[in-house]
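Structure in structure tokens, see below.
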């Protein structure tokens, strides 16, 4: 764990620089109710640099100089081995760091973590209806076409069934990594994993894809909760 | 399909120029949750020019130079015959293009496509209550007066029943055109067609009419879903 | 009906001038979903001038030069007798004009009309539970203290029952006036009248009171709908 | 009760000065629906100064010069003994003043009072399910980790049960103080007290903690109401 303060890595006049994009995205996510109360987070990879939002900061008030920069690749564990090349001295790195790294190791360019209530509610409904092994499934809704079928396979079609795996939550966020990686291995085509009673991790090849996939998924979770209230099944019966 | 880049067609300091209005409208629609995750779209006709938002772009971040311009009239099919007079080189035209053209061929000045969850939910409720042939009907709600009775016939009255036809979704958005045109022919007075499990197409004589009609319809769909939850019928029993 | 164009009456650099306040209020009300699709409206009295928003204009895009000015007092009927001292030539005065005048004749300084869905839903729930004669009643909710007991009587207390009369809607908005005035006479202490399947008229001694009373009422209507969904009674059983 | 007008106490170019923060926070809380219709309020302690929002002001329009400043400590009762060192002449101090003081006397740096509908609804649901003695309890939801276990004890864990006491409302806000203080004494670890049919008081060691704890609690109340609608228990059965 180094202590260098490479401030130039987070200073740019380009609004699309990761150090500017992360605060901008967090402000937007806050307004959707995804990251209130310091919950959730966002990380972007650019080349061999990982930009990460700090822990415990008000997400809508974040500033570029709050951003951590890690060299990539970097060991996930132990935390002390992670190669920080820029650290705001007064802040702690996000507890989501190893989870974001797991996505980057699989080729993601951006990873988003939200505490969306719709995500939490679908994990509870799935557990009650299908038990702990169940996953979230929905079909025949246009917005499904906003989610990729898998790496290099194009997008899901309207008649396809979208399936998002659900893992159990753990006491400490960093301990989620094993469960997340297992779900990633068992579901090599997924771009998202739900965490029961917690929220969701969504990633994508780049920032735009991660963000729009996160929006499409949240749309589907909200719709699914409303469908459940109205007695409408999520997967269209044949 | 031409490749000309008539940039001047999308450059104007007038906020009411279509190339400025489309990004402005999309930003507003995004905030209502109508076009998140790149879903939905908007198109405006001005004289013999059709301005269309591109495909797959984050709707709240659109810029005038992302806008396509088509000569009107233009063939709907095959896509390669459409007369583009301005194309942003790095973008694809919206898959909604033939659907927007169908509205313009019937005299519309603006056409809006949303993935509103309220619209999707009413299509599901109608299917369950009335079967595949049912349409959305509501009466005796003041906001109905925001919807025209039909071309040149003034607005619907409070005691009238608003009726919006519903068509089935297709695997590919462009394949919706036949269904949309059939619904337009069978319902010559309608200014909107719902698409099951997908959203809605709304058009109007000009931008203001299309936008305010879209708002009034969405208000009615949201109200209808809440009425259903409360056990209140949509059409007032006589 | 005069045609004079006293533009100076709507030109002021004071943000609290009625011609600036009305567009500002309408923009806020639009964001709450109270006046989408050109529905609803607002009017302010200052001395012997009544400032009124026009009919059929997008409420969030209104500008000071869209505002009508009437001399007060003025006949409510026939419309042609109303003493307009400033008229935007291309616009029509709001159909709510006689309803706003009815409030001003009773001493109001500002009158707000919304199509709030919560207001519409409570009128439907009251009709089903209590019949056409029922009014909206709620007690033992802190926000009730935001509503006056009646002219010069201070505010309602926490243990008081707030009662808002409901009138039936009519085909044409101007025809509501008789019903509204009857409700005002029968309920001399009320600062609001609900209109079944339509919305609400709320007024107050000045702009701030009308706006904050309208907010408090809408809060109570939304709460009441949620309470109904959860099986909780609106008036606390003794 | 003095009448001095120490305007310099509320004039600062620092956005983190309490006189600037309170209007900024109130504007944000208004947009969440927590302080509409002049309801709710916020107070900040800095050293031996207490900054308090006035009574009956539109919360989203507050300005630094509307802020009261009290010397701290100061007697809670009678109101005339409170040592105001800055009073806007035309305004009344918040009726929440003694309640805010109760939190400051226990070491808080900021206290927030909202009329959140989710808070009101959970107080009603708890009363119906558990009677007047019940408190709000929820477990196994990640966002619980946004709430401290108690002074100097770190944050609650995922498997812990969050418990927020509920007190009965009173006719006058200042009369709540005895109940609030009793709940504080009986629940020395709590950072919040719900008020039945009214809202919530949340405090924290500083502004950021009070605000983010208030957001986390409101997230949990909203989730709890939705869970109840879906038949999901708040505390996970063992």
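Per-chain numbering from 1; labels A, B, C and D assigned in written order.
Convention: a contact is a pair of C-beta atoms (placed from the backbone, for glycine too) under 8 Å apart; a residue touches a chain by one contact, two chains touch by 3 or more.
Here the structure is a predicted model, which is why all the values come from computation and not from measurement.
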Self-contact between copies chain B and chain C, residue sets same or different by half: different
Distance from chain D to chain A - Cα centre to Cα centre, in angstrom: 32
Geometric centre distance via CA averages, chain D-chain B, whole Å: 45
Chain C: positions in contact with at least two other chains: 229
Touch-based graph of the chains, sorted into line, ring, star, complete or other: ring
Residues of chain D defined as touching chain A within the complex: 140-143, 146, 157-159, 208, 211-213, 215-216, 218-219, 222-223, 226-227, 229-230, 232, 236
In the complex, chain A residues that touch chain D: 33, 36-39, 58, 115, 117, 120-121, 124-125, 128, 169-171, 195, 197-199, 225, 228-229
